[in-house]
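Only one structure is covered here, and it is reproduced in the block below.
Note that the chains take the letters A, B, C, D, E and F in the order they are written out, and that residue 1 is the start of every chain.
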Amino acid sequence: MVYVTRKAHFSAAHRLFNPEFSDEENERVFDKCNNPRGHGHNYTIEVTVAGEPDRKTGYVIDLKKLGELIDREILTKVDHKHLNFDVVELRGIIPTAENITLVFWKMLAPHITEGKLYKVRVAESDNNYAEYLGT
Amino acid sequence: MVYVTRKAHFSAAHRLFNPEFSDEENERVFDKCNNPRGHGHNYTIEVTVAGEPDRKTGYVIDLKKLGELIDREILTKVDHKHLNFDVVELRGIIPTAENITLVFWKMLAPHITEGKLYKVRVAESDNNYAEYLGT
Amino acid sequence: MVYVTRKAHFSAAHRLFNPEFSDEENERVFDKCNNPRGHGHNYTIEVTVAGEPDRKTGYVIDLKKLGELIDREILTKVDHKHLNFDVVELRGIIPTAENITLVFWKMLAPHITEGKLYKVRVAESDNNYAEYLGT
Amino acid sequence: MVYVTRKAHFSAAHRLFNPEFSDEENERVFDKCNNPRGHGHNYTIEVTVAGEPDRKTGYVIDLKKLGELIDREILTKVDHKHLNFDVVELRGIIPTAENITLVFWKMLAPHITEGKLYKVRVAESDNNYAEYLGT
Amino acid sequence: MVYVTRKAHFSAAHRLFNPEFSDEENERVFDKCNNPRGHGHNYTIEVTVAGEPDRKTGYVIDLKKLGELIDREILTKVDHKHLNFDVVELRGIIPTAENITLVFWKMLAPHITEGKLYKVRVAESDNNYAEYLGT
Amino acid sequence: MVYVTRKAHFSAAHRLFNPEFSDEENERVFDKCNNPRGHGHNYTIEVTVAGEPDRKTGYVIDLKKLGELIDREILTKVDHKHLNFDVVELRGIIPTAENITLVFWKMLAPHITEGKLYKVRVAESDNNYAEYLGT
């Protein structure tokens, strides 16, 4: 089993906010991430696929095609967007790194047909990231 | 003359948009950067001060103090904010990297009392940055 | 289960040295890391916590609070210090990346009350790092 | 059990090409990676060894020695070479990141005598890497 | 005057070799960079344009368009190529970082119609780069 | 004129301290950088040489040789050392980034015989660096 990883980048705005919370509660819980107009990040997404390299190509999955898949299924929907308003798949979800990672897994998994989706990592800055391995 | 540089980071949302343009013109000129709800970046700011090292301290300017100055004069105003709405100094200004750099220069210059402000660089991503040297 | 990671930085001096070894043995085993006056690094620490995102906040653990915890329990004790002399928790321990990682795990584990401490990584340079997963 | 990792760098040319394929098939499968004269990368290799830190040295394995081992067993054979022609161990193997990782594992494993080889990662760019854990 | 910079990436093979030199001379001068089959790099190109931000757009030059220009004039010609054989503009030129930088300047300069081309930087690794400012 | 730059790395301890100051003054001026046992950094040095590429080699200066020069004249003297005690050239000098940069310029300048030394940059962390251009 070999694990291959493709990294991609997008820029987006978000706001951490729970509509069921009072303003004070949102302020207390989410602090500066609760700025009403939102703030933003250069996000990095890393997608890892596990499998055996194909004998004829040497690929677990062609990373160029995995890049195109990430582009089509994720980046076109989130790049240069506001994650709280512009992304159907994130409706009603607080866009923490944790939740974004879970949603991206669901968006990608059905499309990985060579090898098996093993891990999705989403970093919102150099210092903060979340990872999901499917369970 | 020695040049010393301090780097700092902030995360913010912005939208490129000229209210004097029609919607079509904004769309054509600013493309995906014109998303109505905005998008965002992890910005990096680099501030360079030029001067002779002080004989007693070996400092052109104490970089820890320069860091505190950047924090007080810039970061507290822009970090986790929406640059089109939340920052007084950017009111009425299209928040391109170029314009942000010019505004940050003005915000910092009066406070540099050891050495001389030499350059401000603002990067909105790993691939894009603007610099201003005061003239 | 989602894994969230917070990265932090500190600068410290250290010397690799075993008082039970002869000078020649220390020299042979630790080579240039045995310089009597010590040398130093910009260390990076990465702390990973595993758990289920809270339904109301979307957080496994608030990474800003995890950052404050790392700051309080680790950085205030080691940043700008000499690891062989200035840190109570490292007394009598050869400050290799391996041992520092084990000590940091012990310093952090009792304080992680949301989710579960999953991994501690300590890098002493871009090319060298150690990781501990608790067993 | 502590995991220690050493990173190293080399620059090499390669071409993705299967001699059993027709020219059209090579073109279709490997696309621009099939350029007849080859192209190249600054590769990064990360080698992770697992073990218990030795009581007397605090080392799982001396990372300086692990670095010398990587240098001797890998870098001298691949750095500034063309991977399709100049490396005995890669003869007859399509030099994808996956296959390079598997070959490097075999080249290194017999020489790791302190601790146990746990993982080999080979990155061919900032966005693409492969990992092998021995099974 | 504001300076804006766009960074881009390509992967290519090259060989340092002067056909007027004897084999021994090539070996002595270019050392491991003279490997007959070539080696390769992940190159980084940074293009800096100087000008006054346009009042209506806030741009010296739209960095997205500068990116497309670099892509069209440079990357399509050099990415995943062998610089000694596949690039018309580099024919008869020893592809050192210095010479590549000079050639890229000539390839880009006629196409910069907003602002003025100020600097081209080409890095062949994290540790080596060349810059040209037009004189 | 082309500018070529070589980057190198070393790890060292230092303490900011002026023996003419009282303890209180050292504490007030140098703060945590005045820790008596010292602290340390992974330093980065960048050396830029300006010149015209040689017609026969395409080099301003062979960057591999520049790297060996930096290694011989600088790194062997400062790597894994304590800058306040172990380096003859830094005796009696407060080892701020500014002063280290000035001293490294003096140590390198006489040995640059192809092209002309243009700039020395010394970074003590990702966020702090000093540069000297010879005047």
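The rule is short, and it goes like this: a contact is a pair of C-beta atoms (placed from the backbone, for glycine too) under 8 Å apart; a residue touches a chain by one contact, two chains touch by 3 or more.
Everything numeric here is computed off the predicted structure, so don't read it as measured data.
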Minimal step count in the chain contact network, chain E to chain F: 1
Copies chain C and chain D touch via same or different residues, half shared test: different
Whole-Å gap between the CA centroids of chain B and chain F: 28
Computed distance of Cα centres, chain C from chain B, in Å: 33
Centre-to-centre distance between chain D and chain B (centres being mean Cα positions), rounded to whole Å: 41
Contacts with two or more other chains, residues of chain A listed in rising order: 33, 126
Each pair of chains that touches, named by its two labels: A-B, A-C, A-D, B-E, B-F, C-D, C-F, D-E, E-F
Residues of chain B defined as touching chain A within the complex: 9, 11-14, 32-33, 35, 37-42, 79-82, 84-86, 124-126
Residue ranges of chain A in contact with chain C within the complex: 16, 18, 20-21, 29-31, 33, 93-99, 101-102, 126-133, 135
Touching residues on chain C, where the partner in the complex is chain A: 1-8, 53, 56-60, 62-64, 67
